[in-house]
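Please read the structure below before turning to the comments.
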Amino acid sequence: MYGDIALFSGTANPKLAKEISQSLCVPLAKADVFRFSNHNIFCRLHHSVRSKDVFIIQPIAASYNEQGHMSSANDNLMELLIMIDTVKRDSGGRITAVVPYYGYGRTDKKDQPRVPITARLIADLISTAGAERFLTIDLHAGQIQGFFNIPVDELTAFYLLSDHMRAKKIENGVVVAGDIGATKRARNFAQALDMPLAIIEKRRIQHRDGSDAEALNIIGDVEGKNCLIFDDEIDTAGTIVQAVHFLKGAEAADIYVCVSHPVFSGPAIKRLTTSPIKEVVVSNTIALPPEKIFDKLTILSVAPLLGEVIRRIHLGISVGELFDE
Amino acid sequence: MYGDIALFSGTANPKLAKEISQSLCVPLAKADVFRFSNHNIFCRLHHSVRSKDVFIIQPIAASYNEQGHMSSANDNLMELLIMIDTVKRDSGGRITAVVPYYGYGRTDKKDQPRVPITARLIADLISTAGAERFLTIDLHAGQIQGFFNIPVDELTAFYLLSDHMRAKKIENGVVVAGDIGATKRARNFAQALDMPLAIIEKRRIQHRDGSDAEALNIIGDVEGKNCLIFDDEIDTAGTIVQAVHFLKGAEAADIYVCVSHPVFSGPAIKRLTTSPIKEVVVSNTIALPPEKIFDKLTILSVAPLLGEVIRRIHLGISVGELFDE
Amino acid sequence: MYGDIALFSGTANPKLAKEISQSLCVPLAKADVFRFSNHNIFCRLHHSVRSKDVFIIQPIAASYNEQGHMSSANDNLMELLIMIDTVKRDSGGRITAVVPYYGYGRTDKKDQPRVPITARLIADLISTAGAERFLTIDLHAGQIQGFFNIPVDELTAFYLLSDHMRAKKIENGVVVAGDIGATKRARNFAQALDMPLAIIEKRRIQHRDGSDAEALNIIGDVEGKNCLIFDDEIDTAGTIVQAVHFLKGAEAADIYVCVSHPVFSGPAIKRLTTSPIKEVVVSNTIALPPEKIFDKLTILSVAPLLGEVIRRIHLGISVGELFDE
Amino acid sequence: MYGDIALFSGTANPKLAKEISQSLCVPLAKADVFRFSNHNIFCRLHHSVRSKDVFIIQPIAASYNEQGHMSSANDNLMELLIMIDTVKRDSGGRITAVVPYYGYGRTDKKDQPRVPITARLIADLISTAGAERFLTIDLHAGQIQGFFNIPVDELTAFYLLSDHMRAKKIENGVVVAGDIGATKRARNFAQALDMPLAIIEKRRIQHRDGSDAEALNIIGDVEGKNCLIFDDEIDTAGTIVQAVHFLKGAEAADIYVCVSHPVFSGPAIKRLTTSPIKEVVVSNTIALPPEKIFDKLTILSVAPLLGEVIRRIHLGISVGELFDE
Amino acid sequence: MYGDIALFSGTANPKLAKEISQSLCVPLAKADVFRFSNHNIFCRLHHSVRSKDVFIIQPIAASYNEQGHMSSANDNLMELLIMIDTVKRDSGGRITAVVPYYGYGRTDKKDQPRVPITARLIADLISTAGAERFLTIDLHAGQIQGFFNIPVDELTAFYLLSDHMRAKKIENGVVVAGDIGATKRARNFAQALDMPLAIIEKRRIQHRDGSDAEALNIIGDVEGKNCLIFDDEIDTAGTIVQAVHFLKGAEAADIYVCVSHPVFSGPAIKRLTTSPIKEVVVSNTIALPPEKIFDKLTILSVAPLLGEVIRRIHLGISVGELFDE
Amino acid sequence: MYGDIALFSGTANPKLAKEISQSLCVPLAKADVFRFSNHNIFCRLHHSVRSKDVFIIQPIAASYNEQGHMSSANDNLMELLIMIDTVKRDSGGRITAVVPYYGYGRTDKKDQPRVPITARLIADLISTAGAERFLTIDLHAGQIQGFFNIPVDELTAFYLLSDHMRAKKIENGVVVAGDIGATKRARNFAQALDMPLAIIEKRRIQHRDGSDAEALNIIGDVEGKNCLIFDDEIDTAGTIVQAVHFLKGAEAADIYVCVSHPVFSGPAIKRLTTSPIKEVVVSNTIALPPEKIFDKLTILSVAPLLGEVIRRIHLGISVGELFDE
């Protein structure tokens, strides 16, 4: 239908791109993608992509180059858009944006007046630049698929994580939703592992003197149990570490944390390494610099999954059937 | 900015439209909106809407005319679209679709392969027809706002419902989420009423012989308590009535059900009237025919709220501030 | 160019779809297309359509299921749109909406102020949902093709009908336009059958006392002749039956009625069966429930025609040449 | 709603623009609109139109400058588009294209394979350039309104023409459709003048030797009657003059021709002046150079009508009501 | 990817189209493209282009038919748009507009208030009509590529011209920019020929009495040198001939003029033939009628270049690599 | 036409925004615009902008907060887009993006294969986000206006700079274009100051051994003259400082540098402060952190100009006339 695959990597997660390339047995296409002194991004493809089936791999997350300089999620988003424009103007046959982590996913609704819905904005920007398909992993909300008007394939690291935990044969376990928003996700994890579910609820409490406080509250039973906190991402780790301490206070046994996306911003690493968590399990959708990798951290690779799905998209074979069994 | 308000009603909820008209002190604009023998819809405005600030009130829900003939949600959606087209082609100054109930809201994500996202489709249809603003109440998910590219004002019957319940001064109450999906909503209601939260979880259980069963499970404490089941809508009432029976089995005291939208389809009325619910509280976003009104049902009117917001939109005054205090 | 054909049927005319499938030797693709209790439509494809060349067959007309429940043209239009959305989001390679009868086709212009142009609206809705091609039969006006911005193939049942009539070797025939709007169409039929043309004109007559009356008037010669009334559709049959009686009053001999689309709404069946028509000839673009089938009715199948054209579209072969000879 | 009216004239019919300006008591806004040596068009507004309510008057028809050089309909269309672009980029508040004659209107459907629908194309071009409203007179088919997605006001010269003819108090008159395509239009004229209708039908006749001929045929009664041929436009006058001769052969008495748009291309003037027509009545939607004006020609001005409608559009007053009585 | 090539020529440069056809060994597809008496353009393809890879060759420049009648650039642009519409509605597989000369290219920015940017407008018109790719030669400014949102291949006659001049082995040469706007282009030519650069600057000089004059000024050294004036096009030849006289006054030796596009409008031929130029070298992007061909004129053909690039586009092979060496 | 002005500042140049606010006598509207730990941007308006005439001031350039942390141009662009989305979804009446410096302006054409046209991409992103007007200063190329489809007002710091230099009454001056691309701009500056023009040309020279070198070359006369190097921006200052040294080598007297936009990236400050420039004159379109301000730097404010133009846009008064004198 289209020419050969042309697999490009932006600068946000080149290691993942390399793994995907190996998994697919398709070499990464060469391009100069760099920043000028003024931090503007430029892109020049080494070879023509005319009529090719182009996949551009770039999570919308901060990344660090070898010198330790950070590129923000915004920089990496712009890099993605500029690469798409380049491929479009070089007459690429079909352009699929492969975004393993969809940044800004939590800004997906107006839960207060006068705020943006950035997750929709970014969907529009990606279409405007010229992408014709979108491939991603574990969106913050399923509805974000509906923000796109181009076909979306949303994959999940859920099975990677649940297989990993199941293999541990944890006895007396309970899956914990660290806050109300994670309930549904945690329930599905609990069902997959055949464990009960508990939920930590946070409430604002208004004191008589008008001051506000926050009180945590556990719904369900955790005492003496091994807890698996499950969510889609860890950002600053504030909620999760608060949950860990609360669970410990409620006499929980071992605590594991499983999430798809290790955003690990600000104080996250410090919080995670100093809290009584037994293991933090994540996927490699987001590149982590060496200083963000710590002993208790297990990283599972989504590259075989992405590779297989890219192959299916290219060949026009069902992706859904991969998950049907 | 625009000319006078022109307030139109489709045929899906003329009673609500009349109440809004009275609340606003703006008469309903006249139009012939009818079905031909072949059920095709036609529309003819009695007076020009050139440059006017046009509001068209039409929930996307089934309705019944005086002869008891049903119009499906699809019929009423098409009627809305045709009215928008009519107003656009008559040079209306600005067109706001006022859709108190956004049907198809639950088809808002692909939770299995090869299904539609109809809630996004409908947002696109409404824009395509020519609406420039959208006004609605209690979307099934906040993200649906992001399905629109035109400005959306989403109002809520939450305060109507919580004020109604608070006035009852129910002692020893607990707010119950009838299923996992209602957790967040129920939590907010619990917080507003200063009650604890309980959640009913449904799980598929695989028997050794390969057969499937469903088991309900309560997370939190309901024994001896007055339960307030809270959700956005009642459709067939299956989940809610199942929850009611389960709660009764768990020794709950009185049970109240509070939802914004009384869809009441299929067996809903039979189920609700025959189950041990003390009161069902809903709003009038959807018109109910006489045979769907029953003793235990309380209907609260959203007309003053919609009227005030239409006034503010027309005058260019903040809507958000209405809810800020 | 695209993958294999995937041929889907909505619920509006499954019999025609089956005939097309047989004519094409391509089985119908399986999908669950159904209505919930609240009459909302849902769709789930059984197999992936990724990269396939998808054709969705659905006339925009009322239909009746086996229990005799009616779905309105609006329901069936929404079903079409939802199926298109489903296929688009499942990465179908190319989507052709096959709409044998284009409902709302008579609302194709503003012949009075403040009315819609629904035929344009629906063209936009179909494109918005994601159809990339449109295949139809005998539009009410040729200009409706121009309402679409996607390629349209408009086929015609004209030759089916004219061949059928020619085979009867009717002597002393005249083709009659039942009203002014059918003149051009009737002229072409007259030319194909080498018969003269007559036209029935309806006029509003203003009496001196201010009251209105309608007078029929025949232009051309029908006395003693066998009349063939020709038009694109019969809806309520009002105009046609009025014409029949008028022709009988003008001493016409046998009267035949030939139309492409048997809409047959409201009193149509009663009017047709009780009027002195010799034969009503229609095509099967619209599904007729058993109670709308009557003795004098002849139904010609458009399935071979649609099958052949779908084959040509799929293979990229000229459709126009099919009609060039 | 918008600033003052800014009324511009392209070069296609400056005389009509001046009359409209006088009728509206709004001076024409100044602009240099000219052709370079390479015939490219350039436009420079003398004063800012920022926020103004801009009307640009330009029929899509050939025109002749004072030196007798012709600008084709294409030139004048491009001029219109370039003026729209200029006004848009100068931040005009609202742009209405006033196109008294919509050229290419007869290319409104695919009545044979592999031809364009230029009337739709032009509607898209006008929107693309930036027009937000469209004002025109007597489209070739009402459906062309549906080619636009912006609001259209279609006026008619029908009443100008029928008033003119009624004032003549012609006895024993018949309105004649010069060909089948004009039937509906002619019927309306007949009804307005309370005259009967006759139709001239042209048929291709296939001789036994395979050669083709064309035969005219009259449906209805014209002998001894005064004939009023009515249509929307005269182009080369071929059909009309053929009809005139045919009517004369059928013993018609006086023959009048009434059309809205005097395209008068190619041999039209010669044909009209040499044929036995008593009077040709047209409007001034298209500018006629001196050599195209002849004795039997009566030109009625649409300027008061256009002026009044522009005034109503500007003020946001109903246009439809102008014609309601 | 697409079906076979279908190569069409508009009427603006059929000779070039024939040469391209020969160079490609692909016959020109047949179509009737003609003007009616009213100068409206019509188009009818002889054969279906369904699924074909369609290329339509048409410069946006004035042309002359065999009878010497001129079609303006506007006529030829409209012809291109109508042909695109025709192909789109006949289901062409992919449509590439091949526009060897992009007229209106100099109206590419607002260098004064209240003027259009016609070069952007035309890009939008071409996309609106349905072209999916654009192929052109030597745009007036590189930025015009950015006016398009569809992929553009811009070729250049630069190497044709520089090879031609290099072959002359001109000693003591200097490349001259005829005005400031041509500086960059001339510098590149100078570098390619390894010659120095000189620039003619024109300045408005304000006299004390308020009157304006224009003074030419040479920057760089031309005395006794052979001058090569280089630019993208010659329109009226005013600037170039002024430069020639100025250079002669500055004691230049031989003067050559090299441009890609021979617009040759208005007094161009007279000016060029009567001025002391040794040779005028152009390409055949624009068709020249016999009376515009003169002794000192050399015409180089871009047909082999366009043919090769069309072949590469069709096959999905890199076009850029053709120029990479 | 719209409600009151609401003037917002992003974080890229708050000082300029404050000056504009003071110049306009309109306070800056309050909003929280900040970065989360993960560098994602969030925005919350303090007050409703419903129906207001909203202006958002944000150059697309790097900026530094008070802690010295840099935000890249990409961050600031995203901030602009997110603010626009916020205002759009809060029903702002009209949204004007005020971008004093349009970053990525130099990536405005494909001067080599397989590169992006980022300047067009960004224009599309800004429209997609919801801006309805664009206000900027000194685009890198005038054609960039044509990249927008919304109305653009491009202002210039040219007069600020030329007035500043004229006031110095420099004798024996020459304006120098630092490279070929700056020629036209420099010529206009030369004409405004009534000075001659000189151009520095850089050429790649190919040595016999295949190695490349670059040679500078001056066209025009600079010896003993005071040189004014004029351009639109200084980025790394490489070209300009190279020009300065070359001019000094050519015996130039004092050297001034005048540009609109002080990008000052990478080694710019070091290069400028250590080179023999007498004065660097810039505007304040881009915020400079303290460490980028040096002795020889003169900063002229564009705030009064932007303030006046915003006032005129708001009131619907001509902007062009401000520059017509």
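Per-chain residue numbering starts at 1, and chain names A, B, C, D, E and F are given in the order in which the chains are listed.
Note that in this section a contact is a pair of C-beta atoms (placed from the backbone, for glycine too) under 8 Å apart; a residue touches a chain by one contact, two chains touch by 3 or more.
Keep in mind that this is a model prediction, so the values were computed, not measured.
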Least hop count linking chain A to chain F through chains in contact: 1
CA centroid of chain A to CA centroid of chain C, Å: 51
Where chain E touches two or more other chains, by residue: 1, 47-48, 89-90, 110, 113-114, 117, 120, 124, 145, 318-321
In contact (per the touch rule at the top): chain pairs: A-B, A-C, A-E, A-F, B-C, B-D, B-F, C-D, C-E, D-E, D-F, E-F
Of all residues in chain D, those that touch chain B in their complex: 1, 133, 145, 151-153, 312-313, 316-321
Complex contact set, residues of chain C against chain A: 1-3, 47-48, 50-52, 88-91, 93
Touching residues (chain side chain E, partner chain D) in the complex: 36-49, 61-62, 70-75, 77-78, 81-83, 85-86, 89-90, 103-104, 107, 110, 112-118, 120-121, 124-125, 128-129, 235-236, 263, 265-268
Chain E residues touching chain F - in the complex, by the definition given at the top: 108-111, 113-114, 117, 119-120, 124, 141-147, 149, 154, 180-181, 183-184, 187, 191, 196-199, 201, 203-204, 217, 219-220, 318-321, 323-324
